[in-house]
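Look for subunit A in each of the two complexes below; its partner is subunit B in the first and subunit C in the second.
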Partner chain A sequence: MIEKEEQPKKKSRREFLQQLGIVGVGTALGGSAILAGINYDKNKTDAQRIRVLTAENELLEIEKGDATKIIPSKHGNLTYLQQQGRDGIAGKRFVMVIDLSKCQNARKCMAACQHAHDLRPEQHHMNVLKMEETETTPPFYMPKPCQHCDNPPCVAVCPVDATFKRADGIVLIDNERCIGCRFCIAACPYSARIFNWAEPLNAQGDKDKVYNVELNVPQKKGTISKCLFSADQVREGKLPYCASACPNGVYYFGDENEDAVTNGTTKETFRFKKLLEDNGGYTLMPELGTKPRVYYLPPKGKTVPFQDKDREEAAEHLHHT
Partner chain B sequence: MLEQSKKDKVTSDLLASIRLTNSFKAWMAFLSISLIVCLGAYVYQLNEGLVVTGLGDYVSWGMYISTFVFFVATSLIGMLISAVLGLSGQKWAAPLARIAEIIALAFAAVAGLVIITDMGRPDRLLNVFIHGRIQSPIVWDITVVTIYVLISTLFLYIPLIPDLKICSEKINKLHPMAQKAYKLLSLNWNGSHEQEQILKKLTRSIAIFIIPVAFAIHTVTSWLFANTLRVGWDSTIFGPYFITGAFVSGTSAIVIAMYFFRKNYKLEEYLSLDLFDKVGKLLVLVSLVYLYFNINEYLVPAYKMKKYDALHITALFTGAHALMFWSVQFFGLVLPIILLVFNKMRKPLPLLIIASFVFIGGWFKRYIIVVPTMEHPFLPIQNVPLNFKVYTPTLTESLVTLAPFILVLLIITVLSKVIPVISIHETIESLEEKNN
Partner chain C sequence: MFRINISTKIVSLFIFSALFSINLSAASWDVPADKKSKNSFIKFNDASAKEGEVLYNKNCASCHGNPSKGNVLKSLKPTPPDLASDGTQKLTDGELFYILNTGRGLMPSFKNVLSENERWKVIAYMRSFNKKYVQVLSNTDPSKSELVKVNMQYDAKSNIVTVKVVAKEKTGTVVLKDAEVILFAKRYFGKLQLDKSMRTNNEGLAYFQYSKDLPGDKAGNVELIAKINDEAYGELESTTKFKIAVPTDKPSLTEKRAIWNVLVKAPIWLIITYSFGVLVFLGFLLYLVLNLLSFWKIGKI
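After this line comes the complex of A and B, so read on.
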């Protein structure tokens, strides 16, 4: 991982790439996560200086001691997209907050998600559930993505490291490695995972696309898929597909480290911890010890009531069959 | 000393089955054709994907996994008969050792193939070895099942060495190639005292070693379920629960095999009524232990009726799976225990019928363990087609499920045609002991 850090010990106010040192091959890596920003001191002699090529194709001359070697990715021998997908985004800890008081079951999130990931109508990375937890408590709508657990049971049971947890909190799937054993489906208590039982929806159209782990497209027959926190969008600094598509301000997405989450509809940014604190935020089934990274705000003070037509389906889960 | 004539009789009796008969050819043809039909179904599944099964995103494990568990379970009989009973000095079980090992090897080896039929990407099987992660119970399972297959092979082969020598010398009109093969495999056995000692030591070592491995294969298989957070699987007794269930299935399997070997290979004298009686009693014992574990496994959550447990338990006791659940418990466990208490029921034919119920019940029992849990996740199943909510196996899936059974029968049949199903060497040895 390459991280940009302050170097307080230096005399002048300079920012250095902490782990830069690749000479020449920078271009081959093309667009890697090296971030530029180097000033250098002109008083040094040439002997102590070296030339480096940044990811932006800029040739710089820097003090030899200022350059450190790039720590190679743990995930050698992978394609660039896969390597990037496994490494994640440095310094981030992504979280999602779902405000149940605002969900009106518009299902724009589901549609946007299915469209982005080439899913069939019955395949849901994001599923808006009609919930009724007990006979005497009111029903509510609950969008349910993958919980991106910090203690993910799916990752533990995967025999081939096809599903993995990134340092930035996102749990992804490498469908070029998945053997289709479906142990992860069995292990997930949130029913967050789906399987490509048949040829995927857009198999023909996606045929020539390079596989992107962060989008999980092209989908592949006989492999798992699930919510990815829109890792491809997040890499570009955008909000997830579901969050952006929501017309009702249900979704907040952001970085726990920055303590900031942004609402997908209003684009307003809030303090993450304060948002949870003020609204009684919680996680699903914390007793299982999975430590989800998706937080919920309770369905308190709903402006639009739960629809009568959905009551029967919501109550189904309570019935013993 | 035992008279030579008696030795010769034992030898010729036990070698009698090793010849190609018309009924054997017809049986093999039947099995082969059935297997080809089932393989056709598998090829269809390979082309279309697992969509041809009744599985869905919620019930994503079904008959294939049930069959896998059942096969691993049945294969434990090799360990029970040859190792546990053998080491504890239960001499009556000795004539069953080879049959038990044949069954163990066939079921364990085919179990590995069953798991492949369940894979979405069998073409990536090697990933398990290339990218295997030690955290995953699947990797543990593959490791121990492989070891078990290897040890079972040795456990069948090592005590067989003297018999292979006998085969090469005593079988009439043997094809020269076959004779050469027997001779080669008998590793220059000459029956010297020294060789006898080595054979005994080796057999005993394997018998000891196979016990923990056999426990491991089925305990780890149970952990594929118990190590998840799912209702109905999230149980600490799953290891012993599976092991005791394995002994029930395995014992019923050996009864079925005994019956047909006795009848078809004219082994009435060796697979005696007394032997059936004793195996019948063994079946009662292991069934009682398994019944005890069943009561534990279902009564404890049923007493508490926690929210999600209640959904599962109700489905089993009075709901959608009630008929299968109670049939399995009653016809596959309780009724056999009651019937087998009577002497008359431990005669070969009644015992065969009872054991068949136990065996078939054993398969459905695995289905009851695997499927209902998956129909009851914590969160509601919504916005999916009905066939995702209720699992209904398809014809293709049923054919693919039949394939491993046929393959096991093929392996057992072929093995029983090339090696004596009862050890000649040991039978003569025990007769000599009795004589002295």
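After this line comes the complex of A and C, so read on.
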């Protein structure tokens, strides 16, 4: 018994030599391979190296053989677009001011918005509401986009992190993540969100488009869509679709950090805080503590009569765009 | 007789005032003679009309619709005209340019929105709908504006920016007198006008008061744009960066811990409560397993 146990521990000379041989040959082979590699690298000419530009705008030099050609797939830069959409624009805090005294229910904002985001006529990111708060107070038109709250209840309830707030204040929805639970619709006190119950308007035409989280195009059936403050336009320094389409100078859009808002119609720029101060600016339902980024100027001195006829005429404009 | 007299007086007063008000509104549609005869230095051809179309669609189409299509915005009072119509096309280039510059009633001024070149290109697009139109080119040389040199300086004590406008002609430096100068601060979406528009004095100087509370970048820099408009030298813009603004570096809006923020930015109390809850649950499971194990051991004996 004792002999048997001890035997495997002892190494015979033959075994030792065998192992030494294997290790020796291995080392020699490995060494020569490394040497060959170094020599190959030394002899390499510039023609064998190529320069590539990464998505992060970095210029790199790599070996030709190491490069693999990417076959451009229709969803190729999806992650990039989505990442850029999540980060937002650094150093900005976007705000919108809506001057109710100027709104004449032209509905150009709605048409431009629906056109940009491929929405059905009954789907509204931006909706011009008919307001009559009491019988004695005069009625007025109130455009209502998403309020892009600084304390967004919709984002808090999302179970899959599909809807999110960005560093620049914009609240977006990622249709690729959305599971269609509609918790956010229930949570939003401003009814700013819509659900794609049916196949989206331009589903066939948008089929091959790369999904852009800053545009919500292509829209996806069974997911949420909402006002995006035209994040794709804003990235390029352009005013939102609604603001630039308005013929009556209702919309102001700008950066709170710069204390400036630009009128979408006249392109005139004003001091943001002074505009609110001079005109009695307010936010919707401040008591909820949602801290909206959309401000309203009261419908003071409104000269345009409030008529049903305006509505019919506005419907006609929706077909133009 | 006396009564009749009074009533005729009232009636005549009414008629007079009505006439006067009509005259007044008509007067405001008048274009000064020297502006009326102004012509474009840009040739109206397919290329300039095409560039003008892009600008038109962006700035004009929401009210005036597409020229000759008649899809103007009818809900506006007064209704904006279709710009291919005879009423518009019979106006001179100078009149159209003046209207673009000043705006009318509901129509805003495009003077600070579009450059002079761009405004002429919009007119080039409008004229492309008029087959009978023959252009009279202006003999002003647009390259003359390149001779103009703008020098901006600021005085932090009195909050005044001084703009000096001179032209470097071959014959020597010429001071631009009575040239219109507008000073803007560059913002992300547009240009914020500082103070009123000024005219240069005999030394070619214009003074602008700026407010100290204007937010700038992290270092307090702000880009100031001086827009010069001179009869002889045309229009140009000059930009200078000054450290006259309030340094602004506000944290991003997703920095704070909040219930709506991403997991790592969740409130501490939420992370603690949740983790504690999970631990209690796992602990309970462990307790059950250990108990089952002890039963099994007892059973084995």
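Definition applied: the second predicted complex is superposed on the first by the 229 of 321 C-alpha atoms of A that agree within 3 Å, B and C clash if a C-alpha of one lies under 4 Å from a C-alpha of the other, contacts with A are read in each partner's own complex, and residues count from 1 in each chain.
By our rule, a contact is a pair of C-beta atoms (placed from the backbone, for glycine too) under 8 Å apart; a residue touches a chain by one contact, two chains touch by 3 or more.
The structure displayed is predicted, hence computed values, not measured ones.
Asks: In the overlay, answer first, second, both or neither for which of subunit B and subunit C A:93 touches.
Replies: Touch status of A:93: second partner only.
Asks: Considering only touches as defined above, state whether A:161 meets subunit B (first), subunit C (second), both or neither.
Replies: both
Asks: Just to be sure I read the superposition right, which of the two partners does A:260 touch: subunit B = first, subunit C = second, or both, or neither?
Replies: Touch status of A:260: second partner only.
Asks: Contacts for A:117 in the overlay, against subunit B (first) and subunit C (second): which applies, first, second, both or neither?
Replies: neither
Asks: Just checking: does A:49 make contact with subunit B only, subunit C only, both, or neither of them? Give me first, second, both or neither.
Replies: In the superposition, A:49 touches no partner, neither subunit B nor subunit C.
Asks: Which partner does A:179 contact after superposing on A: first (subunit B), second (subunit C), both, neither?
Replies: A:179 contacts subunit B only, not subunit C.
Asks: Give one of first, second, both or neither to describe whether A:269 is in contact with subunit B, with subunit C, with both, or with none.
Replies: second
Asks: Across the two complexes, find the residues of subunit A that touch subunit B and also touch subunit C.
Replies: 153, 156, 161, 313-314, 316-317, 320
Asks: How about subunit B: which of its residues touch subunit A in the complex?
Replies: Touching subunit A: residues 48-51, 53, 55-58, 60-61, 118-122, 124-125, 127-128, 130-133, 135-139, 142, 224-225, 227-230, 310-311, 314-315, 318-320, 374, 377-385, 388 of subunit B.
Asks: Could you please specify the touching residues of subunit A with respect to subunit B in the complex?
Replies: 110, 122-124, 127-131, 144, 153, 156-162, 177-183, 185-187, 189-191, 193-199, 221-223, 285, 288, 290, 313-314, 316-317, 320-321
Asks: Sort out for me which residues of subunit C touch subunit A in the complex.
Replies: 58-59, 62-63, 65, 71, 73-76, 106, 108-109, 112-113, 184, 187-193, 213-215, 248-250, 252-255, 258-262
Asks: Quick one: in the complex, what on subunit A touches subunit C?
Replies: On the subunit A side, the touching residues are 88, 90-93, 104-106, 108, 150-153, 155-156, 161, 164-169, 237-239, 244-249, 253-255, 257-262, 265-271, 310, 313-314, 316-317, 320.
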